[in-house]
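Paired with chain B in one complex and with chain C in the other, chain A is shared by the two complexes that follow.
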Partner chain A sequence: MSGGAFLSRIGFSVLAALLGVLFALPLIWFIFAPFNARAEMGLALPDPWTLSNFATVFQNSFAVRALFNSLIQSVGGVILIGAAATLAAYALSRSTIPGKSAVTYVLLLFSSVVSGSAAMVPIFLIISAMGLIDTQLAVILVFAGGLLPTAMFILRDFIDGIPKSYEESAMVAGASPLQAFFDVALPVIRPGIVVIVVWAFVNIWGSFLIPFILLRSSEQMPASVAIYSFYSEAGTPIVTLLAAYALIYSLPVVLLYLFVSWRFGFRFFGGIKA
Partner chain B sequence: MASVVFENVTKTFGSFTAVAGVDLSIGDGEFVCLLGPSGCGKTTSLRMIAGLETPTSGKIFIGDQDVTGLHPKDRQISMVFQDYALYPHMNLADNIAYPLKVRGESVEKRHGRAREVADVLKIGTLLNRLPSQISGGQQQRTSLARALVYPSRVYLFDEPLSNLDAKLRLEARGFLNHLQRDMGMTAVYVTHDQAEAMALATRIAVMDQGRIVQYAPPIEIYRRPATTFVANFVGNPPMNLVPVEAAHGDGQLLLSADGLALGGLPMSSGVATALQASKALTLGIRPEHLTVAAPGAANAISGKLFANENMGPESLVTIERADGSRVTARIFTDDHIELGADVTLGFSLEHVHLFDSTGARIPADGEMPL
Partner chain C sequence: MKQFSLLSRRVAALFLAPGAILVGLFILLPFFWVIFVSFTNRTLLGRTALNPEFVGLQNYVRLFDPATFFTRGQFGSSLIITTEFVLLSALVGQALLGLLLAWLMQAIRPGLKRFVEAMVIGAWILPEVVIGFAWFAFLDYDNGTLNMIMRGLGLPPGDFLLQQPFWVIVIFNTWRGAAFSMMLFNSAFASIPPSYFQAADVAGASSWQKFRDIALPLIRGHVVTDLILITMWTFNVFTPFLLTHGGPAYRTELLSIYNYRVAFRDFEFGKGAAVGVIIMLINLVLALIYLSIGRRKSKAEKEAAT
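Take a look at the complex of A and B:
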């Protein structure tokens, strides 16, 4: 190795390490601060380690119920999106309707409008006219409308890559189209559905604007909104409680990722000879 | 088991005609190969028997039943797919027993039956494995087992051996041949491999551009190819085709072409008819009927040596004629010949095939059925 190459390699390593530290610092704070009774914005080792922040957070019944509300909205949305996207994507992939790809692209175009801030006023008016303001259902429906097109698009692409001979062999062997779908096609496209489910869950779980606009009463608010209850009257954050609540709030998403990669992975298991 | 009949079946995809007015009758217990290049309509024809495609016009019968619009599940047929289509989330036992599951059989009964079939196909010890955990040859036999596990009227094969390596393919081909003789199954088998068709079929339907060009037993396809297309598709290597100029001479047929030395051929009524249309005929001669002959020999064709490929028991000797066209001979001696040397390939007149200007075979007078 020449001297120049050695120096540039050292330079690169130092730069990479600096960048790594830059990204790691907030995460380290995120893990330390919840266990520190005197946490501030600065990074500090908890001394002593304590769970008192969590104890205080759990006394805030509004915040605790908000976590439950987040779960209802996310799980409800995920079930609706997962089921509808699977059926729609399967039909769009396997049917021979002319112009089916145009349908997908138009839907995809509108999806960014539906869940974007530009559509907030019309969405509010529609939900209001339906009499669904301040209901969990309103949040679930709006998210389903916004996320479904992209979910269908991703899943259709996934199903397009799966040979039709799976279902064809099942039907020749005596299965009805419905049996072929549930016995053969559905298990084979499950890895694709898992991707959609995780993606939709993370989207809904982390969203602030839509529930903030569509919900009124504190009993309905999700955690992304409730996190503001850890701000003082003056608008300054109560760092200790905010940190503890933020950690609890982020756990379900982390657990979901861990569960999915343990239980399903994102693999495809063969059986078709290419 | 049952017969299969195509009645003037046409299938179009948009502006593309995949199958053009095919009539085909497959007898009960016959093993018919649909043979042809890719895009000739053979797979589409097979998929129409299965019900995976619906004819644009025409009718298809299985036995006496008109199945033209019938769903695949109601046809009582089996099919082996080119990609095997084994269900990746089921073990081999469940894969093989799936047709019995949709028929409502109990778990014990269907697994018992799956084991029987698997034992015959020598995959009985693998029943707990997933398809991804077995070899390609074992996957092929699993898909065959799934087709054999239930009673079926017709067995359909869509290039089932094309994904196997050469040695396994020969082994599987022999097994299929045995199975057909053993069971007397009615089978329709799609392939682009002429050797597979010759080895397995009781009759071969050679297809080209959506039509059946010739439908006959393998020996007839080989000995009396109906057109230059069939002659050029069947045989390994295929028949040599040499364009020739025909003339009358003393009640005999005289053929001339560059490098061709040929005495008079008998003037048959078929040739006389063909000559009324055009004097441009095609002479066909199979590589295995050519031998290296002395220069100036009668009934021979000559050119410069282009390639000499030694295959072990035989050599493929290819010569290039003055116009650049090539003629290949299968020679069962291993004489050493220099590249570029003048080579004369001789043949006997009984092995000469003649085709008219449209490419159709000209029959000899008084030809007996084979």
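Take a look at the complex of A and C:
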């Protein structure tokens, strides 16, 4: 390696490290505050390090309930999306329905046009008309519908890549189409389903706008909305509770990210093939 | 030859039904309903909540009223803020930073690479409310991390959320979303045969020359894809609301936040729906560009394969 290349390599490393540190800066507070019994918005080293903030969170039944609500909404949405997307993607991939590719194209187009920020009014009105305002089911249904086209698109791509001969040989051996789907195709599709399930879970778990608009009472709120009620009577945020809560609330997302990057090398971006 | 089908049409229709109902109710119906509501004077409360009247184009006329169009807190001003926000934070910030990061990743040691990637991706995957609070603390006037650094460097501290709210949300969104561009360009660079670069090394090319003359022309398609996608996402993003609530004095009121305020704070659903229709029209243009490029690409790939 020549001297110049060596120097430029050092320069690259220094620049990369600098950028890494710059990206880390806004999150440093978040490493210390949850473990500091006197945490404020300012940056301070915990003295001593303590888990007392977490104890406070778990004694707060409203806080725990909100985490549980987040779980209900995410898992509910994921089950609907997983089931509906798998069935639909399989049908689109394996049947001879006319205009299959047009359907996928139009759905993808609509799903990117009808964003949460554009459709908050009609979504609120539709949920009102269904009598579902302030129910967790409302959040589950809205996300199931909104995320479904992308999930279908990813899965259809995945199923298209699996040879039809698997199911064909099962059917030659006397299996019904349903048996071929459940016993032969489904196990092979499973990794694809895992991908969309993780993707949908992270999306719903982290969402703010939709539950913020559709839910009113504190018993229904997910953690993302409930976190804004951790204020003292004087109107200042209870930072100790908030910080520990934010850390607990972030954990599932971080764990899923680690799981996906370990298992798949983190190379999926919501339906877009690079 | 008759094509052998694994699923009869009836079973296929059965398989499609649950998805069709969900998509119909929560994507197709909102699309048409928002257009319908935008022609009424529907409100959240009061007489017109139950019996909205048809008012024709009145909501649109109010949005585009030249007398107030550019006034702070009005539609036109919000549209301009949003356009600047998209240009600066997505097209300049995220895309350039993502490109730089991806290029650096090609040359650095795995340990350092893992650290930088973890930080950049962490900013992208953490839930938005958590990120909102972390930035609130980061920007805190008294002892926030940023002002501690400013003081340490002998610079005057600032109350940035009040003094420079627009630049805060621009930098915030650049930070938040750079990961996507980085990952997209990472995989784009990985698709270039290493022999191209080895040949350039033999010829004594610098890193910048390799980037400009080999890498950039080869990933042009990825750049276009990236720019359109991050434009669409940034255009619809609601997260800055968690930092500034659109203020102070509407200076960070993006269209998504404006729509929320009109519909759910001022309770004017008709006007809010009109804003929604305009957002959807802009989304439609962006999505059509994206899909037409994707189609052209897959057609070209098919032709190349045969």
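Keep in mind that, in the parts below, the second predicted complex is superposed on the first by the 229 of 274 C-alpha atoms of A that agree within 3 Å, B and C clash if a C-alpha of one lies under 4 Å from a C-alpha of the other, contacts with A are read in each partner's own complex, and residues count from 1 in each chain.
One rule holds in what follows: a contact is a pair of C-beta atoms (placed from the backbone, for glycine too) under 8 Å apart; a residue touches a chain by one contact, two chains touch by 3 or more.
The structure presented is a predicted model; accordingly, all values stated were derived computationally and were not measured.
Enquirer: Who does A:Trp262 touch here: chain B (first), chain C (second), both, or neither?
Expert: neither
Enquirer: Is it chain B or chain C that touches the larger share of residues in chain A?
Expert: C
Enquirer: Scan A:Val188 for contacts with chain B and chain C and give back first, second, both or neither.
Expert: It touches chain B, and chain C stays clear.
Enquirer: For A:Gln179, decide between first (touching chain B), second (touching chain C), both and neither.
Expert: It touches chain B, and chain C stays clear.
Enquirer: Between chain B (first) and chain C (second), which does A:Ser165 come into contact with in this model arrangement: first, second, both, or neither?
Expert: After superposition on chain A, A:Ser165 lies in contact with chain B alone.
Enquirer: Shared contact residues on chain A, chain B side and chain C side combined as an intersection?
Expert: 168, 171, 269, 272, 274.
Enquirer: How about chain A: which of its residues touch chain C in the complex?
Expert: 4, 8-9, 12-13, 15-17, 19-21, 23-30, 33, 40-44, 80, 83-85, 87-88, 90-92, 94-97, 105, 107-126, 141-142, 144-146, 148-149, 152, 164, 167-168, 171, 177-178, 180-181, 202, 205-206, 208-209, 213, 224, 227-228, 242-243, 246, 249-250, 253-254, 257, 266-267, 269, 272, 274
Enquirer: Where on chain C does chain A make contact in their complex?
Expert: 3-9, 11-13, 15-16, 18-20, 22-23, 25-31, 33-34, 37, 97, 100-101, 104-105, 107-109, 112-113, 115-116, 119-123, 125-131, 133-138, 140, 142-146, 148-149, 175, 178, 180, 183-184, 187-188, 206-207, 222, 225, 229, 232, 236-239, 242, 255-256, 259-260, 263-264, 269, 272-273, 276-277, 279-280, 283-284, 286-288, 290-291
Enquirer: Chain A touches which residues of chain B in the complex?
Expert: 50-52, 71-73, 75, 77-79, 81-89, 98-99, 101-103, 130-132, 136, 139-140, 143, 146, 150, 156, 163
Enquirer: So in the complex, which bits of chain A are touching chain B?
Expert: Contact set of chain A toward chain B: 163, 165-166, 168-176, 179, 183-184, 187-188, 268-274.
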